[in-house]
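One structure, pasted below without further comment.
Residue numbering begins at 1 within each chain, and the chains themselves are lettered A, B and C in the order written.
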Amino acid sequence: MKPKDALSCWIIFLGSAMALIGFGSAAGSFYIGDALLRLLFVLLGISLLLLLPTSFRLAKQKRSFCWMVAFAAISFALAYLVPSAPPKVGLRDYSIDASLMKFMISSLALVITGPVAASAGFGPLFNFTKHAHQASAYCFLTIAILLILYPLGLIISEISVNGLPGITWEFLTQDVSKHGAEGGIFPALVGTILLIGLTALIALPLGIGCAIYLQEYAKRGRLVRVIRTAVNILQGTPSIVHGLFGLAVFVPLFGISLLSGALIMGFLTLPIVIRTSEEAIRSIPQEIREGSYALGATQWQTIRKVVLPPALPGVITGVVLGLGRAAGETAPIMFTAVYFMGARVPGSLLDPIQALPYHLLELTRYWGAYPVEQNAWATAFLLLAIVLGINAGGIILRERYRQEF
Amino acid sequence: MENHIKVSIKNLSLWYGSNQALDQITMDMPEKKITAIIGPSGCGKSTLIRCLNRMNDLIEGCRTTGEILIDGQNVYDRRVDAVEVRRRVGMVFQKPNPFPKSIYENIAYGCRIGGINTKQRLDKIVKESLKEAALWDEVKDRLSDSAMKLSGGQQQRLCIARTLAIEPEVLLMDEPCSALDPIATAKIEDLLRDLKRDYTVVIVTHNMQQAARVSDYTAYLYLGKLVEFGPTRQVFEKPEAELTERYITGRFG
Amino acid sequence: MRLGRNTKEILIKNMFLGVAALSILIILFIFIFLFKEAFPAFREMGLSLFTSDWSASQGKFGINAAVFGSVAVTGIAMLIAVPLGIGGAIFLSEISPPRLRVFLKPVIELLAGIPSIVYGFIGVTVFVPYLAKTFDMLSGYSLLTGGIILGIMALPTIVSISDDALKAVPREIKEASLALGASKWETIKLVTFPSAISGVTAGCIMGIGRAIGETMAVMLVVGSVMRIPSPSFDVFETGSTITALIAGQMGEAWGMHTSVLFATAVILFLIVALLSVASDLLQARVEKKFRGG
């Protein structure tokens, strides 16, 4: 690597490091302090100064030179301004923690100016190699994926650390008492399991039927287009809208009950089951069907004996993924199937139930008002474990199944 | 051989993981001639040609030993940049693979990457490359149409034009006609004879008549080994190795 | 009676047709029944639904604050999720080593399945106190909090769909670009990403649809106050969204109040349905693109 390339990479590295630190401190995990921050900015400025003489000699393109100067100016301005900003920035009647705010702003400025200056400015000016461009781009993309995984990892680790100690035998087997502050979650656990089971019974035949029709009987045409659009809209329909639909249609018929909730959940999971089943059926090679027809089988015989058996694991994957969604949904059942305190383990389809997600909702609402902390964390952990467990099962099943073809 | 040697392969071996795909290949390709590489499928023809512009670098677990010298410079030298090699050694693939952009942009792409951005120069390059690839008359009125609308043969000639636009020294063709009908194939073969005036061409083909028709030199590869290499007429009429003879007379392959 | 073979086949076919048509029926039913419940509100209130005055006890039902809240929260969420999500997808599909990808892709898909109530819970227990402290707010409940949580929630969806779109770009055209002497990054920037742009956009639109329709995560942290903050860009203020309004008030609503809530649900349904159709059309374009025409 040539020295000027090395220097350019160094600047990009500094910029990225600062962006990372800026976001990190904004996310609250660490704060490096003003002195260190100033040092970083000064280092950046010096590196830029070192480049300036070369840039005068090589400045064939004015635009690049302007970018360069602008970037240096921003860097020095930040180095001077940031640590000397007033401790509190007034914003109406309250104020914002200034050190964090200015840090976020400065890092944001760097995130924006860094790559632009690097590729627009340094590039043509120094005959910046393709590799240096690539290195800077990769740097930012890597930061992006880390920023995605960080909060998600944080959520899971917080819930595991706080929730795991609360999972005891008593917690799993006792009734709810004192607004959830004491006792366990047994009825909610049973309610969720029953709801999932019944949902599967509804979504499975309907979903597979629809997928078979779309893939085997009618591949195109206006009706198929309409059905596909309907499935897509259904998939996008917010769960709260499903809930209101259930409230308007099923509650007058079946009351607030397991059955109403399961019907709504069935509709909610239907598009997921259809999509995945379709994919599974589509992956069966056409030759296999033709082989069956050539032996004189009818269409239905072909579907039943030749297409469905190998497609079955894929179809089951769809159902599992759908149930993973159903297990965690709250909005569709909150007006149609659940009671918080009164309900016990249901005796029939027409009894109301309790469910884990709704239980967690109620505990969250009581957060701060009643001492529900431990049970709330434990419920969150249990719910997360169940939903992620179901989904993981579905994904593993799918990966295994995909390898077969 | 009276000609200047453009590409010289020395003791080239290649492994995919633990599978050896090429074994100690040594051959010299003369400048401004067409060298054909033939052999049964899976013998390493495509692998060999992909070594010349280091496309194999992109495959995980791929390892090479030996040297490939282009004008005396080893392309596998650690100081040599694969991206630079690919600008000197152009490649046309088995299946026509135009970008989902306009015809004009397809050809201008390589130049833009290379830093040529003025409209005037791009217009000139696009026109010249399309003419060189014998496609200009067919598309001159619809340069802004999507390249995906062209027929397979036209797409393949577009891909050739696109490669010519970056002015490579060596042109690699990996079974360029295998996805085309006989008429399109004939057009490309005519084109190859014209290109020979300015470029060193290496063509992989499974079609022996094609090799016999267009090439000046022929290499026969079998199970990753170079069995025979020489002037095409000699290889086809008086093959030295028995394996080559059996392949050419169609007893296996 | 034994049915003829053909009769039986036709019967079976029509049975499947019936099952398949059920999706259309469900969508129609959802719309009809929501509209039926909402009808009194549309008739009585008319356009006065779209005012900024909400007071259920005084019979004032202007839903503007909720619509504003939904737009603001979704906007913040997309500001976070779209750039990060696309960056993450490019990393995942183009530059991560295969071994890392095999691990990361299922993990991200798995994360897409975290229930929204869990996000809501974490919002209340972790984000609200943190933001309250960091920004020195009166309480941490605000449109900003809702937006941040929704943004995090939408990330896996956007990454996953954009990654699929990027992966769908044929390997051949990437190789063509590399063979012309482009670096990997130039190939991503100039060939792969532009080719996948409709699919990526479809993913983002889907993310927006989900964010607008998301209930639990938002409801618990936005504060559920039916008021447009002033100045309106002050996202550090409490607010409400369409979904938070419905979920929060349906329990104790009656009469016209219920009907108004259904009317907001109709509006929500229409917005999201439109987004679904748009995302769908874009995805259809992706498939067409590589087949020519």
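The working rule: a contact is a pair of C-beta atoms (placed from the backbone, for glycine too) under 8 Å apart; a residue touches a chain by one contact, two chains touch by 3 or more.
If you're wondering where the values come from, they're calculated on a predicted model, not measured in any experiment.
Student: What is the chain whose Cα centroid lies farthest from the Cα centroid of subunit A?
Tutor: B
Student: Central chain, going by Cα centroids?
Tutor: A
Student: I'd like the Å distance between the centres of subunit A and subunit C, where a centre is the mean of that chain's Cα atoms.
Tutor: Comparing mean C-alpha positions, subunit C is 11 Å from subunit A.
Student: Could you please state the distance in Å, as a whole number, between where the Cα atoms of subunit A are centred and where those of subunit B are centred?
Tutor: 45
Student: For subunit B and subunit C, what's the span in angstrom between their mean Cα positions?
Tutor: 48
Student: Mind pulling the subunit C residues that touch 2 or more other chains?
Tutor: 182-183, 186
Student: Among the residues of subunit A, which ones contact at least 2 other chains?
Tutor: If we look for residues of subunit A contacting two or more partner chains, we find 130-131.
Student: So which stretches of subunit B touch two or more other chains?
Tutor: Subunit B, residues with two or more chain partners: 83.
Student: If you look only at subunit A, which of its residues touch subunit C in the complex?
Tutor: For this pair, the touching residues of subunit A are 28, 91-92, 94-97, 100, 130-131, 133-134, 137-138, 140-145, 147-149, 151-152, 154-155, 158-159, 205-206, 209-210, 212-214, 216-218, 223, 226-245, 247-249, 267, 270-271, 274, 298-300, 321, 324-325, 327-331, 334-335, 357, 360-361, 363-365, 367, 376, 380, 383-384, 387-388, 391-392, 395, 399.
Student: Touching subunit B in the complex: which residues of subunit C?
Tutor: These residues of subunit C touch subunit B: 97-98, 170, 172-173, 175-183, 186, 190-191, 194-195, 289-293.
Student: Write out the stretch or stretches of subunit B touching subunit C in their complex.
Tutor: 53, 55, 58, 60, 83-84, 86-87, 90-91, 93, 95, 97-101, 109-110, 112-114, 146, 148-149, 159, 162-163, 166
Student: Sort out for me which residues of subunit C touch subunit A in the complex.
Tutor: Listed in rising order, the residues are 5, 8-9, 12-13, 15-17, 19-24, 26-27, 29-30, 33-34, 36-37, 83-85, 87-88, 90-92, 95-96, 104, 106-111, 113-122, 124-126, 130, 133-138, 152, 155-156, 159, 182-186, 188-189, 206, 209-210, 212-216, 220, 234, 236, 243, 246-247, 250-251, 261-262, 265, 268-269, 272-273, 275-277, 279-280.
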